[in-house]
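Below is one structure, written out as structure tokens, with a few remarks after it.
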């Protein structure tokens, strides 16, 4: 049964683990968006016509708050292109025509990165282009900065007190059990445990975190990780990933600290808990030690005909990845991310960016359209809402523009996990109402202040 | 694979396949055993009454949607459920026209003015039932002796058969005549679908297991009735029958599992539902002790339904908020 | 001038005075008509029914007495009207109006007594607001519950069967039946205590 | 400025009190159990309305503005008590049917509303027509509502009980009092009122479309 008596959230079926990561060869042409994750786009530091090699910096973040962008294939920068994101924004992208040689830049290896100062390490992460994955994709350096001293944010209570980061939780499975990039990485982590350890230590050194937690799916068998945790006194926490959204940041934060963080404005990390995905930690290690930037990405593909976990260079067209997964039939819907929280896109002619952790494909016959009938008041949404809201009422407040009531009913605490819409018998697009309500409220607030 | 038309919509992109129609069909299925028992006990008359009730409800809804030039809402099955619940809550001896008027009123007054589904402040079937019950108080009490009733207490001047509750109200010493097991198994006089606490309990548990209904309201209701009756019985055994007697007679079980768990007319938050049930159950016993001649449970639930917006304000503290802040 | 206090007081005073005059006039004209109407339309038909066959010497509507019942819980004065019928110069029958709280409000009952043989001649509901089809059956004269009072000996006291008396309740309408009986009991008590002195007058 | 005819007719449809002004709902819901109750209440209100309108209009230049409400209430109350006494004396059955709602005419918003909004600003002739129009509109609405409820509820129409002018439209079986008691119960009043509002809105919507 997908709804439990005693537990909020929903139960999703687990996919069979593919267990193996397939490599996708570097594409002939890579399109690299200047914006990776939320935040301002980076400023290009090269000219059209220049020849680049893998790992060479293409664009730098202007304000020092974002993450740099690096070439993912070697070749010639031929053009700036407009890239249409699924959220409606248009961002400039660099196009590299590959030379087929895949020449890599020589890494500047630093064997003892932990000696470096926290500021230096943070700068290496930023220059390495590390993006925090998960619900809010954003430059890791920026996330850490925010967690350590929240600035510029208007909190719901108006307080802007700095809180030290006390816990770092490393997630070894995707939030959405239909995605399995992280799980596949965890299964094949064997030789990378040293990297993982280093990444964790680098992060702890930057933030001064006291406790590291490994958050694993309870079905994962991870002798290497267990040993690592034992040796270093890291806490291991096993959760059932099929209990969606138990692996989302606020739920993980509660599981590791025993305290519930305020989810309003996605400020989970302000409560002194940093929840990161394992790939982010590995990238951190590489950026800190080898100064090797992020140029490729693990991606989980899930479609009616083919599924698998692939490692592909940034900028690879999604269509290539999808056909590598064996998908041939006509597709009705493309979702960037998992089925619960991913964003539908109107085309597969879109390059792989750092924020895409999976692709979910639906055949024409598999599409669930929202019917948006009136709420029948069954209350199932209140039963599953992990944030203990009353989504049925909230969606009606938003539908009929009762913004004050919506805010009183803690609209901003909603994490948009989609559990309410998943169970809604009237087929209401609950998440849409919430997102719309939030943006409406924020824009009024902005125009008022 | 290029140039296809792809669908764009907001997350989540999967659903659990739950539809209003399926949930209503589940509810009807959960009512089926109790209804079948009623047909067995009261014969073809009962079956005919149920058929008439369902037909009248569906016809009224179809007519209204057509007149209002709206999309027909018959498909979700709610009209069927309304007619069924209404017919199951009347005794088998009522005239056909009474059930027809009740079903028409349920849809016309109780349901359609508030939108096809989801807006009704009071359970539509109860609106219909109470309209006919107040309009024809004598006819609504046309109880029929069931096939297997072991106790037949006849009170002079009463209708054809006397419900255990009426008999005990008139003479508290009659309570000893009714064996709790008989009452529980459904060997008693009463409304067509509400005489078998056992089958209603099973149906209700089925609903709860299928997550169509939640457990808070039924538990609260049964607890409320049990507590109120228990206290009343302890204080004055001749004025108030025992808790088990109250729970197993009349439409107590029916109310707990099928009326307290309605969607729009009951609260949605856990404590709201529990308190709704608890107070409703206590109120039902009070109404019975006060001698309301018919429909103590329906009335109690209707009264509580009017307070649903208040109960809906008892929301749990959201994740990460301090309790006092809410 | 219109905003001066004294002017306001004067205008209001004049208006109130004229209104008072008008009301006093109308009240004086209508009061006797109203009283007569009530007696004739509500009490007389019942009294005729009870006493019609007795050939009373007097008109009991004319020979009515007002009984002071003392004050109720809220300190309001309570009165009722006693109707006496004479034969041979002697008071032989009496009737009076009493009330008791029923299920939906007060039930008002007119009870007629035959004083010689200490029997109830009949009872009649003057007003009630009980549940229709159940408690409201007390207003039906043909109801066995109402009929059973006629001819009942009241000197030993009237009581419900559950209290060891002879009165059977209407099934399903115990509250109304008890209230109705309570009103009759009250009437018997009043007759017992008051008619002796009334007859002497 | 309305013509004198319009001053009278506006109360019959355009500003018919319970439906358009949505005023005086308390008696509308309470006394419309029967046709007789409806028109009786309506006429009693009309009488008070017309009398108070005329008197207030006549005194409008004398009454100090600061105590006008108090004066209005005294005048209205006087007429109400006169109405009550006269009805008790000459139409006792009707008076019993209407019960406490006759004294409650004092607080009927229609009357105070017309006094404040119309009679205190207009001449006696216009005030009379206004009071008459609004009053008759109120009577009409109450009578229709009462007739409908009584017909559905009991199958009868009591024109004037005192004169035995009852009509039995739908004969009932032996020993039965009610056809559909819900309609004469208070909730039935809400349902009927709602239905009539719906009807009024449909009609005016259609006529607005046609225009």
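Chains here go by letter, A, B, C and D, matching the order in which they are written, and residues are numbered from 1 within each.
Please note the rule applied: a residue touches a chain if its C-beta (ideal position, glycine included) is under 8 Å from a C-beta of that chain, and two chains touch if they have at least 3 such contacts.
Being a predicted model, the structure only gives us computed values, none of them experimental.
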Of all other chains, the one whose Cα centre sits farthest from chain C: A
Leading chain pair when contacts are tallied as C-beta pairs: A-B
Most centrally placed chain - per-chain CA mean versus overall CA mean: B
Between chain D and chain A, distance of the C-alpha-averaged centres to the nearest whole Å: 69
Centre distance in Å when chain A and chain C are each reduced to the mean of their C-alpha atoms: 85
Centre-to-centre distance between chain D and chain C (centres being mean Cα positions), rounded to whole Å: 33
Rounded Å distance between chain B and chain C, as computed from the means of their C-alpha atoms: 44
Multi-chain contact residues (two or more partners), chain B: 136
Set of chain C residues in contact with two or more other chains: 132
Multi-chain contact sites of chain D, meaning residues that touch two or more partners: 178, 181
Pairs of chains in contact (touch as defined earlier), listed by label: A-B, B-C, B-D, C-D
Chain B-touching residues of chain C, taken from the complex the two chains share: 103, 131-134, 144, 169-175
Touching residues on chain A, where the partner in the complex is chain B: 1-3, 5, 10, 86, 178, 250, 254, 260-264, 319, 322-323, 327-328, 330-335, 337, 339-349, 360, 362, 367-370, 373-380, 382-383, 386-390, 392-393, 409-410, 413, 416, 418, 421-427, 429, 431-432, 435
Partner chain C, residues of chain B touching it in the complex: 136-138, 141, 155-158, 166, 169-170, 291, 293
List of chain C residues in touch with chain D within their complex: 2-3, 7-8, 11-12, 15-16, 19, 22-23, 26-27, 29-30, 33-34, 37-38, 41, 132
Parts of chain D lying in touch with chain B, wherever the complex brings them together: 178, 180-183, 185, 187, 191, 194
